[in-house]
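Just below sit the structures, each encoded as structure tokens.
What follows is subunit A paired twice: with subunit B in the first complex and subunit C in the second.
Up next, the complex of A and B:
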């Protein structure tokens, strides 16, 4: 029998993990849905995001960083993480643009196995580059201790839950603001309309004369920026090492869109939250079985409801 | 990816989808007869190559290495290791190259066979029985996993096989640790040698050369058997249906064949090869750990070897296994004058080479060489051969 507070903390932790899965899943799903391109390098973008965040955080926040050496000793608040919040998505966006142009585009017309293979190779290259340039060691998470002078390192007391790290609460809020904005952008803007239409039938969109190729780059870049942002969020609560790209990002992202349904943004959000809650519940009860149950749940989902919660079965087949 | 073996471009076989039992039986079609001859040749030539191969890899490269001052000769275990992975990728290619299914979960069969063989060795330390035990377990595991995964295609198939493989990996690390040794791995595996332990596996066959150990001879025999079986399969009516599935699944379905059954069979057969390889691996290394045995990167390595070598032919992937293992075990230890030690850079180099191969030579190293050979002695001979080969497989 679980206590009420345990259930509440399972849900909160699930929300936080689910937000990361959702951010990754949205990026992967809009790329898969619109371009029918399978990006096995999606986890590498998470990795890049985490390390970029780490570097920005260290260079700007510590007393011996880049900013410090150029004469700026204080930003008035612990600015490292805020700087990373701005820099990381921009870096992700740029890498996304490059990837679309130089890796994805030559492979749009090739069989999907070729797409999987080339992006798998790319993921290897990124991971190995990080290992060789930065080193294979594990870094501590980069959560700041204060934001605008407010101490966020102490746990705060919540009703039902009890003590919960306030930084994690803030992270959940930031992640869901980004998820909400992305959702609105896809549901309410012209860009989103093209993405949605492309997910349904990209052939038809092209026939209608919409310059879908330009949207392709944008979709890819937005997806990449979201993955990098997820990496930053992840780096603020978990340790950072070169393996996280596949272990904590690529595979969960795929599982997320399998549960949610390929091509569906709503599905990625729902799938991410479902998986997040499952893993947090298992971690708090039978942690040894957490990963196994996660994978078996997804396999079961594929058998029982192959199209996912919100998707159509055609995408990605 | 599949179906671009030069044999079917000659003239007689119109395309993969219209294969009938009669044509496949070999009663008609000079193309098929030619194909069969070619592939028998492949097996015989491989047997010859297996005799020379370790000598080249260890002794000759060792001498060359001494001359130029860089150690590029392989260690004595390397030829066996290459052949073990060769066995696996021959089977993997039946699935990827011929049937057109990309599995990211074959580590499950490799690893389960390795662990089974390791556990079995604690009871009966006979290498042959260990291989049989491991293979049986891998086969039994492949049936349910295949049964579920085959129902979906494309990405979903890849993801499903990956999820099952990962579930097994985490099981071996955590809840199954009482059986698998968990994160400590499973060591102390000792096969007592062939013929009821009379001939130890690390004994040398020819006293002068380091290259020829009993283990190598044993692996060569298994590898040749695997190659022969693979050859029989792809030249049988059954194998032609695999190939037809890789080209166009719908067409096979319209002919009236049970697509599901054939795909499942292709999956299980490839798992049998992975199982044999896994058991051989554990005999060779005498140690197994969830990360080497079951982690998804191991499946990824099978994919890399297969694609690197070339999916268009039976023997092609073995070249991929050779390149992969050579780079991983020898090149990684080389220290160059300008660059310094290569060390862990090898995976980076391999990733780059892999991307390049997928991009430029979709038919892999073997395919590239085949194209080159056709270009050199072509001109008069294969008129329709070159364009079909250069195109690198069907596009849909």
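Up next, the complex of A and C:
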């Protein structure tokens, strides 16, 4: 019973961490797979999502903020986080469109090192801008205490696991709804078909007369929106400060696609969850080995299956 | 401020034999001529002698990384100290030996560095300050890993280091050096001050479970908690689990805490780490089953976790609510400049800079061995914590320690996040020179032996 309880707890914590990795990984992998563009500013998009969420959450909180000062003091529920759930992906999408047009496009035909430099530079600019405009302060996480009148600030008792934070349970559900919708969009829509074809052979797609450049913008924007959304989810459970983009998002996103395979949405989901469960399991059993085992696992994947769990050979080459 | 007169320094000998004249001293001091900080009364050592009209202090603080907000407030404290040393004002007006006209007549200039809360980066930054900027004294850091790395460098380079925020026992214990002094208290003293309060509050014979940041500070912190909770409260440790510095998600660690066995959960985390671990522990409902303790508070953590700190005990170096004249005057002039109350990081930064400057004035030279001898055993007050001694055997200040409790979120204001529970007098704290962390301390040489 104790072992079962331990396993259940590891899986649940792993799911929660893995869901954030998967959201980050999907965004990074579709950009890398479709455009063969290495985006080191992916962490910065996570940062933008976290801060946008923070600002929306604060300004639409009904006990203070912009809405409150305008005389709107009740909507019948705590609206800050719900507003952020809508606004953050839209902001991420818009920034993604701009990034594709002004940063990525001029570098598509340039060497990968140039892409790395320009996107890393962009990440630094975003981080420094946040520091200068909003300040280097650390902000509390922004989880709401109620959703539609239901208290989500208290832990709930689950079979086997015992008490588990109810908000974390909810964000696992929210994250997987978004992951599921993204998966369906890529598997079942024309847009998704172009993305999938692009990840296998973008040159062929172009030769077939499909306007892949327009799709590029959309792919980039969707990837950015997912990263921003991951930032919002992250901000609801952890503090927000200017360095989180690199520390919490960029490296996990790359590890995720190494495990899952570049260019594969299924791979990003699987990779994220595998990494989440490994970290959770190691932390709960041999915590000092958690980071070592994580990187050993990724190194092993590179040796045994360099294209990743679901990666296409083309992108992996 | 009284001076410790128990040990005759070489400077005293020189002064006493002043009647013999400068020429007569040359053989003893090894060089010709008597003068201020810039002349060659002593042989060249480190960045001595100081040339020109300015003397450079190096402010080496974290401007990025986990402790960057602490670094920003330290820098505010340092710059106030520089301003007051050069132009008078603040504590300089009441501090023995300080004139408000620079130090030994030289204007204090400063260089700033970013340690990035990383020992290697901090060492590189301090090296630049010593070699390129000719800094006569380095101060700063937030993180014991940084303090220990930089003080080792300073010992090698024979340049004085004045610690800022560093709470590990090792700083003035196993890793102590002659060229470094610490005003802040340490983890051992936190255990001594906190354990009786917690035993009184929560009772005896309890079980406690620890998480600790896995580096120098966290390791000595958890060891001290284990020692004093066991000795004072007759508590039993269930387990002590290391967590990497910079962890942001503690949920897996917290899932492993046995709720039915644990009476007290000790979170030995600081800064951003504590700002994450404490709210996450409360989010997981652990506070419903056990008491939570955060042994070392800081403002960053208290601000970032303000909804979670209500009623939680810890210790602090100093607090703006202290009512003594020195504390209130510090709060006043800091507030005038920065429009809010200072954190304890700012007080340590300010105090350590003034301590160094005053020691130079007393020694009448920047020659480090003499400045060090002036600080060793020096007794002082007026730094906001009553009478203090900078002990000679380990360079650890013997001073009072504050036990704090998080204010209820409904009472909190921008400045008031913690309430002072008690001020444990220094006579009830500390340890002999051959006991506790000091037993492991070997200070090393002065450089003029």
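By definition in this document, the second predicted complex is superposed on the first by the 310 of 317 C-alpha atoms of A that agree within 3 Å, B and C clash if a C-alpha of one lies under 4 Å from a C-alpha of the other, contacts with A are read in each partner's own complex, and residues count from 1 in each chain.
To be clear about the criterion, contacts are C-beta pairs under 8 Å (C-beta built on N, C-alpha and C of every residue); 3 or more make two chains touch, one makes a residue touch a chain.
In this text, all values refer to a predicted model and were calculated from it rather than measured experimentally.
Asks: With the two structures overlaid on subunit A, would subunit B and subunit C clash, or do they fit side by side?
Replies: When both complexes are placed onto subunit A, subunit B and subunit C end up clashing with one another.
Asks: Could you say whether A:4 touches subunit B, subunit C, both of them, or neither, answering first, second, both or neither?
Replies: A:4 contacts neither subunit B nor subunit C.
Asks: Which partner does A:189 contact after superposing on A: first (subunit B), second (subunit C), both, neither?
Replies: A:189 contacts neither subunit B nor subunit C.
Asks: I'd like to know which partner A:167 touches here: subunit B for first, subunit C for second, both or neither.
Replies: second
Asks: Please indicate which partner A:284 is in contact with in the superposed arrangement: first for subunit B, second for subunit C, both, or neither.
Replies: In the superposition, A:284 touches subunit C alone.
Asks: Is A:213 in contact with subunit B, with subunit C, with both, or with neither (first, second, both, neither)?
Replies: neither
Asks: Have a look at where A:248 lands relative to subunit B and subunit C in the superposition and call it first, second, both or neither.
Replies: second
Asks: Quick check on the output: what are the common subunit A residues between the subunit B footprint and the subunit C footprint?
Replies: Overlap of subunit B and subunit C footprints on subunit A: residues 136, 288, 291.
Asks: Applying the document's contact rule, which stretches of subunit C touch subunit A when the two form their complex?
Replies: So the residues of subunit C in touch with subunit A come to 64-65, 68-69, 72, 214, 241-244, 246, 248-249, 251-253, 255-256, 259, 272, 275-276, 279-280, 283-285, 288, 300, 303-307.
Asks: Could you pull out which subunit A residues touch subunit B in their complex?
Replies: 32, 38, 106, 109-114, 116-118, 120-122, 124-125, 128-129, 131-132, 136, 246, 251, 254-255, 258, 262, 288-289, 291-292, 295-296, 298-299, 302-303, 306, 316-317
Asks: Inside the complex, what are the residues of subunit A that reach subunit C?
Replies: So the residues of subunit A in touch with subunit C come to 9-10, 13, 16-17, 136-141, 143, 153-155, 162-165, 167-168, 237-239, 241, 243-244, 247-248, 279-280, 283-284, 287-288, 290-291.
Asks: Which subunit B residues qualify as touching subunit A in the complex?
Replies: Contact set of subunit B toward subunit A: 1, 96, 100, 102, 148, 151-156, 158-160, 162-164, 166-167, 170-171, 174-175, 296-297, 300, 303-304, 307, 344-345, 347-348, 350-352, 354-355, 358-359, 362, 393-396.
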